[in-house]
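What follows is a structure written as structure tokens; I'll ask about it next.
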């Protein structure tokens, strides 16, 4: 309690301090910028509207996560999602943006170091437009972790993780690829963030799930995974639709301005990859388990969206379908692999969806870019070097995100603990972490399940 | 007086209700339960892990009836609830010592209807 | 299983084949197009944003359908909605768009035949922008059917129906009206698709519901319909809001470019018609049944949206209110008529909402177009000929969609069956088709209901 | 019943009457307007897209309200939200817009009086664009009241309240500030409506809640409030996300045209204020009650959005954070104050969120406007006079909205009654008002609760 | 020992609970059931089709009590649950042969509180 | 024959089920109830108002068994359901006079399995 009050006090003091700062700014009202380039009006509108849609993906993430987990943790999950967006926005305002898109003499290949708190020169319409669009992306990376640690991670721990991810971990890799860092220097590309956002989020999710260990009851003594069905398939799939909708903002808005008609191709590619992934997973589970699996198909659609994200502007529709097909298989196989082979308990499939498919997206771009847009050409069209750089980018994103993830969750595990007590987990985190039930007017039950023998 | 507890298939509930109405037995208390007996579980799956939901949703009807009605009620329930498939359910008869109607305080068989 | 694997294999081979195709294209990066007409940037942004909103209507349809049906079928319904959008996008990419907007020397009055798989010349920003916007419309037509066949239709059958509808049935009528076909030649108009999208969807829904027959328990022996209340009025009405929101994209985006300020009038008309329909149905059910009916009012709002869709650009606000009032009555009376008179079991009211009101929308345009925009004038303002063409269009849409619907579902009924077994239907399609429950953490019950005597 | 049929008849007659009116109009197709100023195309698109997002906030309001109240009233709440948007749109079309933005020779300082039913000169693209954007705002003000009167207010009463609010109460104060009325004359400002929309809605909500009295069981005999937990925290927080998304349209769209790049700053400020409010409430409840409170944090996010609404264009990011922090505290303290001190039962916190924070938003603008945009400068930057006017505006909005609210609900209470019977309230308004249950497939329970002693 | 099964109105549950607490009877098991007796159904409607939901939600309280407490408990429940309207519910008394406390293994009346 | 009604912690249900299976007792009916006894309520909060949810979710297992099985079943349930913490639950034994299998009409112990 003592610590909390201190944090509050600090926050208040910090903010009051900020107010005292005299208004230094570049172009805070935008008149000069607009005069220079009247086309900016359309750019701003495009990027902001797309940014709004990306923000709305937070609703989608929360629905998928809560729908695919148990009712006794539903309120905790909604709270985590509200919190990670809010903490993420504040952390990215205070620090993250400065690290990702700031500049630093000499060290710029590694990270940036200017524009903290959007003060001074950063009080500028162009900078703040960019901040807004990048902030919703940063929050997306953070929220991916929520899914894989759900139903057992302490809320306080997750607050800290969200702050560190959006302030440091995400911005550093982001700087390397999008902020003029060393990977960008080598020629690595990632149109809308298969790697920067999704695989970083996915590998952090892997680190978190690994250090937390599986939920109680997830694995039988012999290691066979048990099914722990989600409490509302309806809300989970609603979340898939919301994510799909928001993803158009994610991918199309990543042109960052309005003067490319290629956005139509981006929208088409995004759709086709997701659709192909969904249909693939539907048929694959149908063939494999005898019935088309609903939650897996929903996951696959998201996987298809993740996979097309890096290359959406540079590949063509037919290859998008192919990217989606692979993505769908990757989700089905990936979830199985994590669950049955390496026994990492990822309640909502975040690792397979965002981690595996984020990596696949980077590679697919390196393979399939067809050269019709911006001159980006992949292996299939003869550019092996580019594919090599993309493969490097995959390795780097894994090393960075998984590594820092282990450190982050490792330190917290040692110092404050990352997992709720077994009693709390059994009773549900809604009671334990928030002293409430999400559904007090419905009689609850837990499926009596036993594993197939 | 006896309490008749019948655990039946939910899909047969409407039929049983109507059949009981037809012999004038209207009063009852109903609840949703899960049960298992000889019936084997339904195979379900969640994200590739198959599992057997080894309990089935059942509907439980509880009726407190005068002793002389017991046989008739049992027969009627049986007839209406039967499909011949495993899982049709069970009927239990339990002794009841007193019945009180909350509204009036009436006791015994007078309180039953 | 064998068949399924084959389908999968075919898909993979087809896609690989497509990749081998050398990149032939018109203007895939859009530079030339933009140079020619810089105004295209705004056009693209407008049409794409509206298209995103239309895509989001899929979430609305799924919520309405699942909310107004029983919990035991909720997962199946979500899966159907995910699937029909995905299959629809793929089918429209492969075939539908080529049939609807392609051209064919000599036969163009009947259907188009170019641009399959968006290959060759169709790899062009303008074509693909058009594809995207039209694809979300095609998927809308497909998903309408889902509602009327719900709670009893086999999933496999519905997959096939979705593919056929988006590949052939919808595009052909669409070609006649929007693709330069014979109805367009006669002067038939349909601004945003009351007829092309909604009445086609509605009449297909009618054919499906008719051939499937009513749900078990829907009608008493004497034919009196029984109430089968939906499992979540909350989600159902959420769906209505989502649809209403998306509809602004549907109607306003149908200008297909950004240089008409009439979009403001379209937005206003769309709102007023829906609002009037809702209030009308609310008052009508209040007067008729003693209490304002929630699900019927929600349906009526959608009915009002359907009815204004054809004429939204060509009528004025006050007539939009009138169109909405009629639409509201049409929903209330239409649902009653289908249920009580001809005993077609349409669980969510798709036929009355989309079929009847789609037809009404075409007629209303023929009646009320006030001549202030594009010179389109209806009967009320003296143009009887136009009304006649619209009436013809209504008849044609019914004949085409209901006819092909009967054939489609009829063949499937004969060959593979369209309805699940009675046992599966009673247990719920979630278990039968997908081996799962949508709400495993809640104790379920079914309303003990009996019909009013 | 008799009355209802009459209303229906009147409506029909009125509409038919309107159709007979010859088409008089200013520029209904927009060609002239566009020719004069080609920039209008972008303006229209911007304002309409933002307006669509504001409309979507209705879904958010309905989710928050239903999620935070009991299952037995869920259908009634959805119906209220559908209805108030519809009735609001019609009333604002018929009367409200004419009062708010019309003109009247000599009396213009008080209210407007032209443009009823969007007839005549008002049949003009610019006017109708404005109508659309203003209509969604008016409906927002109306729907705020729904939350505070929920679970006990008669549906019929609420229908009337919605009509009166959107036709008269909201437009009059709106005219004073936005329509060129006397407050505007004094220099009062309100960028997007902290005062015009939210505090007006909030004070009306206060009047309604006060005259209705608390829900049965809300207060123990000694006045201690009892907890009445909401039935779906999941849907409630989904609603928060939807509102947050829509709010970008609310605030950014309030530029009313597309030629200001300041919209980026508006979007950033909106985000930061909400995020800061949420984090503040989370920490405050954590410190105060030992656990972070989910529903309160969700409310606080909305409170932060309300508070930034008036000043979003005129303050800077760091002060937005401060505004949010205060907003968060205001929600936590305000809910407590209403509940524990003055015993007003406001089930979803509408009064604290919209009333208190609406007032705070007006004041914050008067304090913190930093002069970088449009020359608006607050007390902190030396402009005491402006702060005084803002304080006056707060007082006026309270006097007007609370006063007319008392009159409106007071008259209805005397004449037709505003509260359902105790028996109906205990059974739930779904059965009583609409003869249905929202969740017939789930076994319901009510939390057995007792107050902390 | 007897098991007292009281089927009451959900809205009366809080009152009954408090009244029982007042006489020191705290232990009980509660479940949500649906019931019908003399009470006629509520007319509901769904899309124009009216129907009678002929079962009402009821709350069932089960308490196992020593024989000598039976009369008192019944009286207290009756008083607290009564509204005088049809639908107030019923109280049944059923013999119980053994009671075991899971935690300690205590049996009989010692296990009851 | 006796009906054994065990009110246990939901989290112990899987263990009890398996333990009973191990001694061949498979048939049972299960329902979700709320209960209270010595166990004090969980403090919860809603918008600043703390409250005590003084009823805990419990799972009730009902099994009708032949008289000679009663002791064994009780012992097995106790062992599997026990945590030693307050709130472990109770087991009640109630006489059953008749059992009928709906499907076949068999009565008595033959109907039990």
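We just call them A, B, C, D, E and F in the order they show up, numbering each chain from 1.
Everything below uses one rule, namely that a contact is a pair of C-beta atoms (placed from the backbone, for glycine too) under 8 Å apart; a residue touches a chain by one contact, two chains touch by 3 or more.
Treat the numbers as computed from the prediction; the structure is a model and nothing was measured.
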Any chain touching chain A and chain B at once appears in the list C, F
Separation of chain B from chain C in touching-chain steps, minimised, is 1
Interface copy of A-B among B-C, D-E or C-E, with over half of contact pairs matching by residue number, is C-E
Per the C-alpha means, the centres of chain A and chain F lie apart by a whole-Å value of 44
Distance in whole angstrom between the CA centres of chain D and chain F is 51
Cα centre of chain B to Cα centre of chain F, whole Å, reads 18
Where chain F touches two or more other chains simultaneously, the residues are 30-32, 34, 43-46, 50, 53, 55, 94-95
Multi-partner residues in chain C (2 or more other chains touched) are 42, 45, 49, 229-230, 232, 289, 291, 293, 295, 435-437, 439, 442-448
The chain pairs that touch are A-B, A-C, A-D, A-F, B-C, B-E, B-F, C-D, C-E, D-E, D-F, E-F
Seen from chain C, its contact residues with chain B in the complex are 217, 426-427, 431, 435-437, 443-446, 448
In the complex, the residues of chain D that touch chain F are 225-230, 285, 288-289, 291, 293, 295-296, 299, 332, 335-336, 339-340, 349, 445, 447-452
Chain E contacts chain D in the complex at 10-11, 13-14, 17, 30, 32, 42-46, 50, 53, 57
Chain F partner, complex, touching residues on chain B are 2, 6-8, 31-38, 55, 58, 60, 70, 74, 77-78, 81-95
In the complex, chain E touches chain C at residues 34, 41, 43-55
